[in-house]
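In this document, chain identifiers A, B, C and D correspond to the written order of the chains, with residue numbering beginning at 1 in each.
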Amino acid sequence: MHTVVQSSERAASEGRRRAARVAVAGATGYTGQELLRLLSRHSGVTIAAAMSSGAQPGSSAAPRRLPALAHIFSGTITPLDRDALARDTDLVFLALPDKAAAELAPALIEAGVRVIDLSGAFRLRDGAMRARWYPETHELPEGLAYGLTELERPAVAAARLVANPGCYPTATLLPLSPLVASGLLAPDTDIVVDAKSGVSGAGKVPSERTHFSEVHGSVSAYGVFGHRHGAEIEQGVGRAVNFVPHLMPLDRGILSTIYLRLAPGTTEDTLASVYEQSYGGQPFVRLTSSALPEIKHVAHTNFCDIGWRVDASGRAVVVSVIDNLLKGASGQAVQNMNVMLGLDQATGLL
Amino acid sequence: MHTVVQSSERAASEGRRRAARVAVAGATGYTGQELLRLLSRHSGVTIAAAMSSGAQPGSSAAPRRLPALAHIFSGTITPLDRDALARDTDLVFLALPDKAAAELAPALIEAGVRVIDLSGAFRLRDGAMRARWYPETHELPEGLAYGLTELERPAVAAARLVANPGCYPTATLLPLSPLVASGLLAPDTDIVVDAKSGVSGAGKVPSERTHFSEVHGSVSAYGVFGHRHGAEIEQGVGRAVNFVPHLMPLDRGILSTIYLRLAPGTTEDTLASVYEQSYGGQPFVRLTSSALPEIKHVAHTNFCDIGWRVDASGRAVVVSVIDNLLKGASGQAVQNMNVMLGLDQATGLL
Amino acid sequence: MHTVVQSSERAASEGRRRAARVAVAGATGYTGQELLRLLSRHSGVTIAAAMSSGAQPGSSAAPRRLPALAHIFSGTITPLDRDALARDTDLVFLALPDKAAAELAPALIEAGVRVIDLSGAFRLRDGAMRARWYPETHELPEGLAYGLTELERPAVAAARLVANPGCYPTATLLPLSPLVASGLLAPDTDIVVDAKSGVSGAGKVPSERTHFSEVHGSVSAYGVFGHRHGAEIEQGVGRAVNFVPHLMPLDRGILSTIYLRLAPGTTEDTLASVYEQSYGGQPFVRLTSSALPEIKHVAHTNFCDIGWRVDASGRAVVVSVIDNLLKGASGQAVQNMNVMLGLDQATGLL
Amino acid sequence: MHTVVQSSERAASEGRRRAARVAVAGATGYTGQELLRLLSRHSGVTIAAAMSSGAQPGSSAAPRRLPALAHIFSGTITPLDRDALARDTDLVFLALPDKAAAELAPALIEAGVRVIDLSGAFRLRDGAMRARWYPETHELPEGLAYGLTELERPAVAAARLVANPGCYPTATLLPLSPLVASGLLAPDTDIVVDAKSGVSGAGKVPSERTHFSEVHGSVSAYGVFGHRHGAEIEQGVGRAVNFVPHLMPLDRGILSTIYLRLAPGTTEDTLASVYEQSYGGQPFVRLTSSALPEIKHVAHTNFCDIGWRVDASGRAVVVSVIDNLLKGASGQAVQNMNVMLGLDQATGLL
């Protein structure tokens, strides 16, 4: 841990000397493209490499493969190259499948490169849980932090490897964790999390589930009692949560509706105080109180909006929204990078 | 009640002699148009009138105002005319605002015309509740039935006035009522109903909430602790329900996700038996067991699909779907008409 | 041809004796499912088989694979079996890839079974064009008709094999053919067809193009100067057409906007006469005159709506809409079947 | 004109001294909100006022009325106040109805405030045309420029009043103007512009046309031979254009498909040269050549992407895309502001 802090301090001080060299491994998926877009206009870093396992030897101009990024990112997409990453970068974003990330991350941090992993490979701390949900992985390295930025800032600042949270856990833990920590929950309450997500969360690989004609005009529940993000949420709050994700006919965004019972006498104002204490001054958490948030307010932003209602009997309904590709993935990853590099956490994100 | 049964029998016997003369009051809204479409191809009735409060004196060809119905319904849309309804029809569908329906229904049944009311005016039995949620109404007439067809068939058959259920209550009570009635719920369980609806449920009058740009790419919760359909659901199951509706970016369909705890030892098979007992042989309830239903399977149909999952600790997640304009409104209204007229309940609906 | 007519008359007379036995080969794709839905409630036929090349030996209950069809089609999905089709059916719908259809159709008509082919294998009459656009096909059998029902009824009635038109050609030729035939076009006019289609026209196999996140919130042109449906349209009108299809973020429906110049003095009324002469009395063509049609008016129906505007200088804009899975595929196929069997062409389609 | 240039130079030199004070009149509509979002993160200006004709006397916190802008714009929304605008600002954006803009603009420029008008009031130069399409307006003031930035930069730089182009004209004139100017069009060619737009272009006021249920799953043509943007396009190219807009089921974006004939021998490469000459080095025009652009590539950006195909007979299909709220309205308005203030035209827009 000692070394890690040093490395963090060194990075931060280097950040003042010169822009950090960052790379994206897995640059052509949805989260990879968002990373390129965000990093291209970020004032504090330079993009040292944009790699894709599917890229041809040699390299190809990014705009040809990623037309949305023309005039934004003018670099090239090169094949995945571990040595080049280890040699030429200060920090690498892994936007890769779980297994590939599990293999690549330890090698990079071994080489002194800091890593932000957007896969699920390092999110679950408990070995048995990890073995259940991410069977192709592996031990956890030292210097690992869970990158829910607002709640883990010091750990992220010092980390060699950040496990960037899942989209559903981000949307759920930001509103839920302060409540659980506050001790305001009724002792025997169930916690139900009914989450609604857009399709981009399923990634770019075509499947029947992501076929337009299967999603348009429809809504469906999936993963009942068996979604890996449920395990990540339960890890975050340290208790059982009944988490059910639903697929919605939209591209970007998650709305998480949380149902629970509070201790007698708890009011909407009580919750306002709890949230204000947790998130007052945080640039990316917006508290909307009893005016419940909607996905359109946060789409294409790094915000998480949180609203809540409490009735006289202590039943609470908490609603939160994020853009799953930004605060739920690439935006929060850049936010974590800012923290790791000692920059203002909002740099390049507003 | 005696008279009512006679009237019902007379109607049924007349139904064998000649096609019943039916009318739609409020023919140009979304539910009114669906009624015209269904009734036009119904083999057992003739459309005696299609009225709209906004129609010009004289009458106008329906296809000009309702281009989707050209070559389907070739009649005219005439101004609302209580006397004509009382004089020339056997049964009237009211697809009107609550207040208009509350005024018109008693006059019609007084005149011996049977009524199926698609508004909310007569859904709540308790006077205080009705005064809270439908303040511009009114006493309940005799011969009233609640038209959740599968669970109320005998009452519907005999009724002079059928209160057609709300869309959310239909989607929720069909899966929930048999469970509550079975006695399988854990005694102290909360019941959470997280419902997701398309926009057509909000009706045809333009508003900020129904503006395409406000709904597309978004999801929002509304009516927390204060939606009239919550009261209707609680009436149906006789206990508290935490009902939260959500607006989805699609046109037609409701998916209702129900969370509750079951008595120890209850399994998915137990629920299968309960549902089979309630709905086996019913043409419009389809039990999908652990394969959860999706809105696209029921859009543009009168089906209600119900699926369920139970875990080892007794937590249950029940998912149901309907088309809000059909099983949640006009389809169920025609199903009720079939029952009232002594026809096969599926006539004109498959 | 003589034999064909006899066979047609025999079929028609048999149709009066008993319901024709029909089969769907390729029952699990989008058009196959629509066929099963339509045929299940059709009063004049019985479904003798529903086959799929992907079905397991033995057979599986359809509702398990096709949950939308539960309580509608209760049969089984069996593996593709040419002999069974030849032996046990009177008429077969081919909802298969072009190559499979090109192989199967001749064998079936050889065995005396009539065929309606929804693929493109037999649509182009010219051998060179067919070789260009459908290279894996093949000679044309005798007794072939092009199944644009309204314009080819006598040929369809007598046919052994009907090439069911493509969706874009259906949407385009119904409005365009009468104009060309009328001689009202300005001699040197270009014909531009800007067509907009929903995604289901691309079929059920997932691809990047049909990925929800690629289509939602987007519009794109494709196939410029090189779409096989362009060749089919040009065949239909016998002259060059600049046809450009576009992919829209909706599931079902095509809107075709046709731009051309008319001979001096031609008015909207002139066009009304032309269309009335071609389609007056036709159940599935609705003429909307200067009130231009919209996809929502025809979605989930077999209608083709046609509207038109003409300015003082003779420029015309003609707009037509269909549901690509119904009038553009399965609905028109059933309409053709009705004609082949001597039934009212609207049977089972209104 | 002399004065204007002085005023422009003074503004530019002041821009170096201090950030220009800008205001948005009409801050709560869709374009007004986009302006606030863009200006809030713009490094070269300060927002002096955000006004709305519907605002209450006194003022209200913007985030309450515009929750999407919380943590972005923390100012207040105040009632429209002409004197305050004249007194306290250097430049005002008018995002108001045509009539209100026609009245306000002259008063402001009289007071020495520069104006960028997003309404249609000052777009048409010809008095008769203006009287036809914008009857409630009015004379044109001196110092007026048409704000199609890439083609009118010098005029915009010097202008007191910029008429920001319509969304359809922007999407159409950027690809079409260089072709017309190049002299490459076949002499007698028709020009057909088939434009497809999202709903936000219709503004925020709810209507039947913008009702979600009317738009979802549908496509429709409108304004044939009679859309004011057609007049603006014809003014831009100086010849007749057959412009037909279509409404698509998406929120943001326009795709314009342009059909015309080129002089014999013109190829795709010829067009590449023409476009390169017009737009090479322009930050917001991206030339995609034969890979046709799609709306998703430009949504939420200020880009206009242009692609083209030419066949051997000289038929050309040119496709362009923009985000109607950005390059088609607020983005181009800020781009114009940058030019007027002597800033890099991309400031705050990438």
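Some observations on this one:
Here, contacts are C-beta pairs under 8 Å (C-beta built on N, C-alpha and C of every residue); 3 or more make two chains touch, one makes a residue touch a chain.
Since the structure is predicted, the reported quantities are computational estimates derived from the model, not experimental observations.
Greatest Cα centroid separation from chain B: this falls to D.
Chain pairs A-B and B-C differ in how many C-beta pairs they share in contact, with the greater number at A-B. Averaged C-alpha coordinates give centres for chain A and chain C that are 47 Å from one another. Separating the centre of chain A from that of chain B, both taken as means of CA atoms, is a distance of 42 Å. Each chain gets a centre from the mean of its Cα atoms; for chain B and chain C, those two points are 36 Å apart. Counting partners per residue, chain A has 214, 216-217, 249-251, 293-294, 296 as the residues that reach two or more other chains. Considering their complex, residues 41, 64, 67-68, 70-72, 216-217, 283-284, 286, 288, 291, 293-294, 296-298, 300, 303, 305, 350 of chain B touch chain C.
On the chain D side of its complex with chain B, the touching residues are 30, 198-200, 204, 206-208, 210-217, 249-251.
The residues of chain B lying in touch with chain A in their complex are 190, 192, 194, 196, 214, 216-222, 224-225, 242, 244, 246, 248-253, 255, 257, 259, 261, 292-296, 299, 309, 311, 315, 317, 319, 321.
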